[in-house]
Amino acid sequence: MLMSDAEYRESLRALKPSVYVDGRAVACVADEPALAPGVNAVGLTYAFALREDTAPALRAEGPGGAYNRMLHVPGSDADLLQKLEAVRLVCRYTGCAQRYLAGDAIAAILQVAPALDADGPGREYGTRARAYRDHVTGRDLAVGIAMTDAKGDRSLRPHAQPRPDTHVHVVERRRDGIVVSGTKAIVTGAPYMHELLVMPGRAMTAADADFAVCFAVPADAAGLTMVARPAGRPGEAAASFSGRFGQSTAVCLFDRVFVPWERVFLAGEWAHSAAITYAYATHHRHTCIAARAGFGDLLIGAGALMTEANGLDLADAPGLREAMTDLIRIVEGFYACGVAASVYGTAEAAGVVMPDAVFANIGKLLLATQIYEMHRLAHEVSGGLIVALPGPGEDHNPLTAGRLSEVLAGRSDIPYEKRIAVARFIEDLTASYQGGWYSVISLHGGGSPHAMKNEIFRRYPVADRVELVLDLLDRGMLADATRRIRIGRQPGRCCAQGCRTAPPAGGRDDVS
Amino acid sequence: MLMSDAEYRESLRALKPSVYVDGRAVACVADEPALAPGVNAVGLTYAFALREDTAPALRAEGPGGAYNRMLHVPGSDADLLQKLEAVRLVCRYTGCAQRYLAGDAIAAILQVAPALDADGPGREYGTRARAYRDHVTGRDLAVGIAMTDAKGDRSLRPHAQPRPDTHVHVVERRRDGIVVSGTKAIVTGAPYMHELLVMPGRAMTAADADFAVCFAVPADAAGLTMVARPAGRPGEAAASFSGRFGQSTAVCLFDRVFVPWERVFLAGEWAHSAAITYAYATHHRHTCIAARAGFGDLLIGAGALMTEANGLDLADAPGLREAMTDLIRIVEGFYACGVAASVYGTAEAAGVVMPDAVFANIGKLLLATQIYEMHRLAHEVSGGLIVALPGPGEDHNPLTAGRLSEVLAGRSDIPYEKRIAVARFIEDLTASYQGGWYSVISLHGGGSPHAMKNEIFRRYPVADRVELVLDLLDRGMLADATRRIRIGRQPGRCCAQGCRTAPPAGGRDDVS
Amino acid sequence: MLMSDAEYRESLRALKPSVYVDGRAVACVADEPALAPGVNAVGLTYAFALREDTAPALRAEGPGGAYNRMLHVPGSDADLLQKLEAVRLVCRYTGCAQRYLAGDAIAAILQVAPALDADGPGREYGTRARAYRDHVTGRDLAVGIAMTDAKGDRSLRPHAQPRPDTHVHVVERRRDGIVVSGTKAIVTGAPYMHELLVMPGRAMTAADADFAVCFAVPADAAGLTMVARPAGRPGEAAASFSGRFGQSTAVCLFDRVFVPWERVFLAGEWAHSAAITYAYATHHRHTCIAARAGFGDLLIGAGALMTEANGLDLADAPGLREAMTDLIRIVEGFYACGVAASVYGTAEAAGVVMPDAVFANIGKLLLATQIYEMHRLAHEVSGGLIVALPGPGEDHNPLTAGRLSEVLAGRSDIPYEKRIAVARFIEDLTASYQGGWYSVISLHGGGSPHAMKNEIFRRYPVADRVELVLDLLDRGMLADATRRIRIGRQPGRCCAQGCRTAPPAGGRDDVS
Amino acid sequence: MLMSDAEYRESLRALKPSVYVDGRAVACVADEPALAPGVNAVGLTYAFALREDTAPALRAEGPGGAYNRMLHVPGSDADLLQKLEAVRLVCRYTGCAQRYLAGDAIAAILQVAPALDADGPGREYGTRARAYRDHVTGRDLAVGIAMTDAKGDRSLRPHAQPRPDTHVHVVERRRDGIVVSGTKAIVTGAPYMHELLVMPGRAMTAADADFAVCFAVPADAAGLTMVARPAGRPGEAAASFSGRFGQSTAVCLFDRVFVPWERVFLAGEWAHSAAITYAYATHHRHTCIAARAGFGDLLIGAGALMTEANGLDLADAPGLREAMTDLIRIVEGFYACGVAASVYGTAEAAGVVMPDAVFANIGKLLLATQIYEMHRLAHEVSGGLIVALPGPGEDHNPLTAGRLSEVLAGRSDIPYEKRIAVARFIEDLTASYQGGWYSVISLHGGGSPHAMKNEIFRRYPVADRVELVLDLLDRGMLADATRRIRIGRQPGRCCAQGCRTAPPAGGRDDVS
C-alpha cells in the first residue's frame, strides 16, 4: 500500500503519543510547528513514491502490491544499490530521509530469526518477523528505530548499572507478552512515527539477559513518553532549508510498557543479541552513506552557485576548483564504499542480502570523519560573507535594504537577493545549529568511529593476507603447483560465516 | 589610562552611532540585548586590566602611564610573546577578545608611515600615526578595524567595479580633510566600538588611487551606518557560553563621511597600499593564533569534563585519549607557530617589531583549516548525546525533569545537571550558529587560506634553498673553503628587506 | 591461445630487441639477470592462466578459445569487476602485473575507432583495431604500452618544442605505412614485451597533427632502442621480494621506425587524439586501483606478521590495531572506487564498457596520494628494527650469527630467522629503491594527481547539483508537481555523451 | 678543544673497535669504504667548527675554551634556539649530524644526578657527570648514544625475558666498577664514535633493578662488538648525496664489558631510570626537529630546482606552487614547535634548561608522521621521471648518451646533465634505501609516535583546562573578583615539577 503525504499526516492525527518538545506537551504531532520540518521530510518519502518521476526509485514491488522502498528488505545486490540511489535522492531534498531505518531494522530481525528459532523449541521468531514486515509494508507505516540506550555509567554493563532504567529491559513476563521499562536516548524522528521498533543496543552476557530484548510498539503505547527536540530550525527566518526540512530526535522513556508476544523479536536470548545489533548496524551504516551523499550533493551545488554569485569563474580560479574537486572526491569516495558493499553483499538467512561489513563500515567511517572537511571546503569555496551578511530581519528594513542590495551584490548580472539566498542556504547547512547537528549525527549516528574501526578490523580477512605473505616468504611458492592459491570474489570478505552471528570477541561491544 | 568595564559601557552611551540589528534601529548600544554578549566580551578586556591577578598580562606601560595591552604596538620579540599570552588569556574567557585588532592596525600604520613620508614632500603621516596611537592608548578606546571591502564582482579591480561603493574610496578632497563613501563588509565588533580605523583591503594600482585610503572616524560619524548581526546567541537558553560572550560583525556603509586630515593615514598614495595591508595582515594573523588557542583551551577542558561525566576514564580509553591528544597537538601546534613568529620577529621602521611572516601565516593557515578537525575531535570525545539531550525548556517540566535527571545521568557521582551543562557548553561552542561562525571566521578572518599560502610562498627564501642544493650538487663543496655557507638566524626569513614594503608581484593580492 | 611461462620465455628469445641496461647492451632479454624479476612477473601471468586454481580468474573466453584476461576488453560491468579481481590477484604475487596495460589500451583504440571512421572517407580504423586485438589475444602476446612522451620543455606544446624528438611523431607518410621518430619516456616492462603499442600522450591541436599518432610495432623493430632500468633489485641479497619480482621501465627511442598501415590506429587526425588518450587513461587508472590493492594486501599481511614476530598481540595493542585498521581503510577505500567505477561503467562504441571516469579517477587519486601513508602505517606497525637489523651478509658470519639470532629474536616461539625475513620483506617493499619506486610510480603512473583532479571536476555533473539547489531555493518546489526530478542511476555520471570524445576545454591536457 | 676533520679521522685510527659490516670484520673504521659516508658526516661537524663562516654556529665557549656545540648542554632558552640552528645547518649538508645526541644525553645525566645523589648516602653522580662532560668537551670526542634495547618479547618487562641479554644489564658489581652484558639495537653512528654512552631504555621497576644502568665506555672496550649497516649508500653511482654522507646504525653486543665507577651514572637505582630516560628523550626529540628541518631544506631546494629543469615556472603552475607551499608549511610548522619548546624551556637541576616537553613531543610527532607527506610532495613537484631516467651506467654509453642527452633535456637552457643530477638527488633522498631509511628513522628514532602521544597527553595541563571550563560553567565567575585567574607563561607547561622525575603512571613506558 502507498499513502499520500496528506494521508500520512492524517494518520498521525489518529495517534495520541505522549510527546514533549522544549518542555511543552504536544497536542497534535501533525500540526505542531516545532515538528513541522520533520513531518515534511517524512511526508516527502510518501509523496515521492506517488510522483511519476520519482516512483521508479521510491517504490518496491511485493506480492501484496507496491510499497515504499524505504521499507524494503534487500534480497539482492541490485536491491542494495537501488536502496542507495533512493535514499540519496530523498536526502537531496530533505537532508535526511529518516524513514529508511525501518527497512534496515526489519532486515536485521528477519535474518537473525532462523538462528533464534533453531536455538530453542517452539519458537516462532521467523513467523513474527515476516508478519511484522508485512504489517509495516502493507500499511505503509513510518517506523522509528530505538537502539541507543541512555547507557548511564559507560564503564559498567547493563545489569551492573546503579539505575537499571538507563537501558531498556524486561521487567515482567506475562502469558500474553512482556512488560518493558528503560530509556532509549537518540531516536530519529520518533514523535512523527507510527510505531517504534526497539533494538538491543549491544552484545549481551548471560547476566544481561533481561536487557536482550527487541520488540515493536505503537507510538502511543501506554507508558511511553517521548522528550523531543524541535525538528530542524522551525520558524527561524534564516533557516531556508532546515526551516522546511529537519529531523527531531527524542529520548524515549518506557515505563512498564506492555508488548504482546507477536511483536516481540527477542526476549532474553542474550546470545543472539549481538547478531541482531550487528546486522542492523551493518545495514544501517550502509544506508547512512547514501543519506550523507545526498547532503554532499547539496554542498556541491551550493558551493558552485556561491562561487558564481561572488563573481568568480571556477575555470579561472584553480584554488577554488581544487576545493570543489576535494568536495566531490570526498562525497563520491565514501559513496563508492556503499556501492562496493552492495556488490559484495552477503546472502544471509531468510533471503536477506546484507551489505559487506568491511566496505559499509569504511564508508560510514569516511563520512563520519570527513563531514567536517566537507564543511571546511564549502566554507572555503563560499567566502567569509556567509556569516557576515545581514540577517533576514534586514531584508525589509526600508532604511537599509536598498543600499545593501546595491553594495553587497557580487556579479552584476546576479541580484543580491539570489546571492544572499545561497549564502543563507550554506550557512543553514554548515554554520548553524542544523549544520552542527549534521556533523555530530554523522559522526556518532549508527555508531562512533571507534565502533566502525573495531568492525573493520574484526571482519577483515587479515589471516588470509598473512598466509599470502607466508607463501611468498617460502621461496618454493611458484614451483609448488599443489599449493592452492585463493582467488576470486570473497563472499562477505569474512573469515568465516560464523563470525557474523557470534558475539564479538573482546573489545567494547556496544555499537551505538 | 585604564577604564573600568562600567566606564566603558558608560562611554558607549555617550556615542550615538547609527546601528541596525535584525532590521531594528538600536537606541543604545550599551543596553541592547542583541549586542550584550559583545559588550560583555569587550568589557572583560577592561576588567582584566584592572584585576590584580590579570593585570600583569593585560597592561602595558608607556610614558603616559599604563594602558591596555590590546592596544600595544610591539617593539620587541618579548612584546610579541606577551601579546600572544594576553590574547589567549582573554579569549579563554570570551571566545574572542576583539579589541586586539586595534593594536595590530596601529602597528601597521606606524611602521609604514616613514616610507610614506619619505616618498613625497611635506607629508606628516608619521606624526599623525603617533598622535593617533597616543589618542587611543591615552583614552583607552575600543577601536574597530574595517578592512574587508564588500568587493562586488571579485573578478574586477576596485576602479573597474560597476558600483564603486562596493569599496571604500575618496569621493572628495577638501582643505580640511577627505570625504569617503563605500562599504566595509565584515567589521568585528563595530557597533560597540568607540571608533573605526579603516584600512585598505588590498594592493592597489594607479587606477585605484582613490581606493588607497586609510583613516579613522568616531563610531557615530555622520554618514556612517552599521548593519550588524547579533553578538553570539543572546537570549537563547541553551547558549551557556555565547549567550554571555559573543561577537557581532557589521556591514559598515559610508555615505560621504568626512575625515579631518589628522585622522588620514593614506589617501591616494596607491603604491603604499600593499605595505599597509600586508603589515596589518601579518600582525593580525599572528594575533589570531593566540585567539584560537584560547578557544582550543575551552574545547580541551570541556572534552575532558564530558568524558568524565560520561563515566569514562581517559586512562582506560585509548581511543578517547588519542582524540584528546590530537586536539592538544593541533592547538599547541599552531600556537607554536605564533611563538616562532615572535622569536623571529623583524625590526621595522618606527621601532615596530613585526612577527615573522612565514611562521605567522603558517600558524594562521593551520588554525583556519584545522578548526574543523578540532570540532570533530571535541565531538568524538563527547559522544552523540550533545545534540540529543533535551533542551533547556525541559529542565523545569515537572512531568519529565525528574525522570530525565535519573536516566540520563552518566557516572553516579556526577549529577545529570552537570553532565547536561557540559554537553550544552560543547554544543554551543561547536554545533550551534556560534560554532559555525567560529569556524567560518577562523577560515576567512584575516584572509583566506589561499591568501596565507600566497604569502608563505612569496616570503620564503626558496632561492637560498636552491643555492644550498646547487652547492651540494657541485662535489667540490667541502674542499672549497672559500665558498661561504649561510648560517644563523635569518632576520625575517625574507629574501630581502625590500619585499616587505613592496607591493606583491602578481597573484591575487587582496588579503581578506 | 595460452602460452606457458616457459613458452613465453622461449618466445622472447626469438626477438632481438635493442636493449641497454646500466649502459650494457643486453644480449638476450630472457636470460638477462638484471631483467629477471620483470620476466618472472610477466611469466607468472602466463603461469596463473594455466594453473587450475587461478585459471578461473585469469582466463577470458572468446570465439577463438580461451585467452589471457590481462588482454580482455571489457564488455560489461561484470568484466570490469572481474578485471579488478584478476589484476589484484596477480599483483599480490608480483607487486605489479604489468601486462594488463595492453587490455586497457586495446579497449581505447577499439572504442574510439568508430568515431574516427565516421569522420573521414575510406577509413578502416575499426577493422584494424579488431584485427590487432585478435592478433594479440590469439598469440597470447605481452604488449608494452608507450604513452608518456619525454616532453622536453613542459611549457611548450609538441610542435613548438626546439627538439621535436622529445615527442613521438610522424616523420614520413609512405604508401605502405608511416615512419615515426621520437621518445617515449616511462614504458613499463618494455624490454621483455613482444610488442609495443604506442599511444598519443595528450590532446593535440591542428598544429600538433604529426604528433597525433597511435600504432603498434614489434619490440625488435628496426630503429627502436630501449634504455632500461633493472627490474626490481636483481641480485641484492636483502631483496626478498623485489629480487624475484620487479618491473623495468625503459626510455624508448624511435629513430625512423617504419609502421605498416595495418598497425596504425591514428595518424594525424588530431581531433581524436584526446579521445584515445582519455579513454586509455580511464581504463588504465581503473586497473591501477586493483594493482595497488594487491600491493596493499602484502603490506597488511606483512604488518600483522611483523607485529606477531615482535611479541605483540594486536588484540592488546590498540595503537597498532588502529594503524592496521587505517591500512585496511585506505586499501579497501580506494578499491571500493574501482568497484563503483565498474558498476557505473558506461557503454561506449564497439561494445566496449568503460569504467565511470569520476570514480576511476578518484580511486587512482586516492591510491596515488595515500601510498605514502600506507608506507607510514606499515612502518608504524613494524617498529624501527626494519632498517636496523643486520643485513644478509651477517647471516652466515660465524662470529656474530649465533649471538644475533639469540638476542634479536622477539617472541620466544618465533625464531629470529623468521622475524628478520619479515623485516626485510617490509624493508624491501617500503624502504628500498623498490619501495620508493612504487610510491613514485603510484603517484605519477597513469597521470599526475593534477591530471586526476582535472578529470574528476570536468566529468562531474556539477550542473545537476546546481539545478538541485536552485530547485530548493525556489520554495514552490514541492507544490509544483510538474517540475521534473532527476533520479536513478546516472549513466557515466557525465554531463553529456559528447564530452567523452571532445578535447578537454582549457587546462593542462596531457594526462601522463 | 676543537679537532679538525683530519684529526678526527686520525683519532679513530687509534681505536680498535670490534666492528662488522655486511658480515666482514672492519680493519680500520676511518678507512672503511662502507662507513665512509658516516665518517664524512661526523667529520663535517669538526670542519664546520673551524671554518670561519660556520664557527659562530658550531662553537660553544666554556671555561676551558671553545668546544663543539654538538656537545653543549643548554643552560638557557637561547642555548636551545642556538642548538636548533646549528643542528639544522649541519643536517642541511649531511642529512644527519649524528653527533648532537651526545649533548642531549649528557644533559640528561647532569640534570638527574642531583636527585640521585640526594636519594642515598655517599653518592657522587653529580661529580661524575660533570667530569664526564668535561672529558668529552675537553677532548672534542664523538660519543654514540646507545638507548634502545633489543627488547626481545615486547610483552614482557626486562627481568621477565627468557633471554636476559636482550637488554643491557649489570651482571657483576665489583669494587672498581660494574660488568655489563646485553644488547642495544639501533645505535646511531656507533662504529665511528670514540665512545658509547649507554642510557636506560625505559622506566624500570624494582624487579628490573639490574637493568637500570647508565654508563660510558670507549668504542673499543673489551667485550663490545658492533654489527653495523653500511652508512648511506657507499659506492653506488646514483647516490649523489648518500654516497658522500650517510649514517650507519649498529647492533651493539655487550659481553661482560667492564665499566669503572667514574663512568657509571646509574646502577640499580631503578626509581631514577624513568627520569634519565625521559629527560634524554625530551632533549633528543627537540634536536631531531632541527635535523629533519635541514632535510626539509634539501627537499625544498631540490623540488624548486627540478621544477625549473622540467621547464616549468612556479609562478604559472598553481598546482606545483601549492605543493611547494605545503612542503614549506610542514617543515617550518614542525620547526616552529622546536622554537616554542626552546622559548618555554624549563630550568632543571644542575643548571640544565630542558625544552618544553609538550612542544618538543608535538614537533617530533609532526616530523615523524609528515616525512612521508614530504616525500609525496617532493615527488609531486618533481614528476615521474625521477625513477625513470636512465641510471649512471648509461651516462658514458657512447651508443645512447648523446641521444638521451638530447631528448631528455627539459628547458632548452638547462642541460640534461643538470636535470638528471637533480632527479638523482631527489631519488636518492626519497626513493632509495636511504630515503626509506630516513622515513623509518624519523618515525621511530627517539621513540615511536605512540610514545610521543603518551608524553604529550601526560605532560599537558589538562587539569588547568578543566578548571577553566568549570569556572565558566559557574555563571558567577565575572562577579567574583576573589576567584583567581591563572595567567602568564607557564613554566614547562607541566602540572607539577614532580611529574618530570616520577615514573609514568601506567601505559607502555619504554620510550624508544
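A, B, C and D are the chain letters, set down in written order, and residue numbers restart from 1 in every chain.
Throughout what follows, a contact is a pair of C-beta atoms (placed from the backbone, for glycine too) under 8 Å apart; a residue touches a chain by one contact, two chains touch by 3 or more.
Fair warning: this is a prediction, and the values are worked out from it, not measured in the lab.
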Study note, to complete from the structure: Between B-D and A-D, more C-beta pairs in contact link B-D
Point to revise | Over-half contact-pair match to A-B, picked out of the listed pairs B-C, A-C or C-D | key: C-D
Review point. For chain B and chain D, what's the span in angstrom between their mean Cα positions?
Key: 38
Practice item. Find the geometric centre of each of chain C and chain D from their Cα atoms only, then give the gap between the two centres in Å, rounded to an integer. Key: 39
Point to revise | Rounded Å distance, chain A centre to chain D centre (Cα mean) | key: 49
**Study point:** Junction residues of chain C, two or more chains touched
**Key:** 319, 322
Point to revise | Residues of chain D defined as touching chain A within the complex | key: 318-319, 322
Review point. Once bound in the complex, which stretches of chain A touch chain B?
Key: 20-25, 148, 150-156, 162-163, 165-166, 182-183, 185-186, 225, 227, 229-230, 249, 251, 253, 255, 310-313, 316, 319, 369, 372-373, 375-376, 379-380, 383-391, 393-397, 399-400, 403-404, 406-412, 427, 430-433, 435-437, 439-441, 443-445, 448-450, 453
Practice item. Could you pull out which chain C residues touch chain A in their complex? Key: 44, 47-48, 51, 53-54, 56-57, 81, 85, 89, 92-93, 240-241, 244, 297-298, 300-302, 304-305, 314-315, 321-322, 324-325, 328-329, 332-333, 335-337, 339-344, 358-359, 362-363, 365-366, 418, 421-422, 425, 453, 456-457, 460, 462, 464-470, 472-473, 475, 477-478, 481, 484-485, 487-489, 505-506
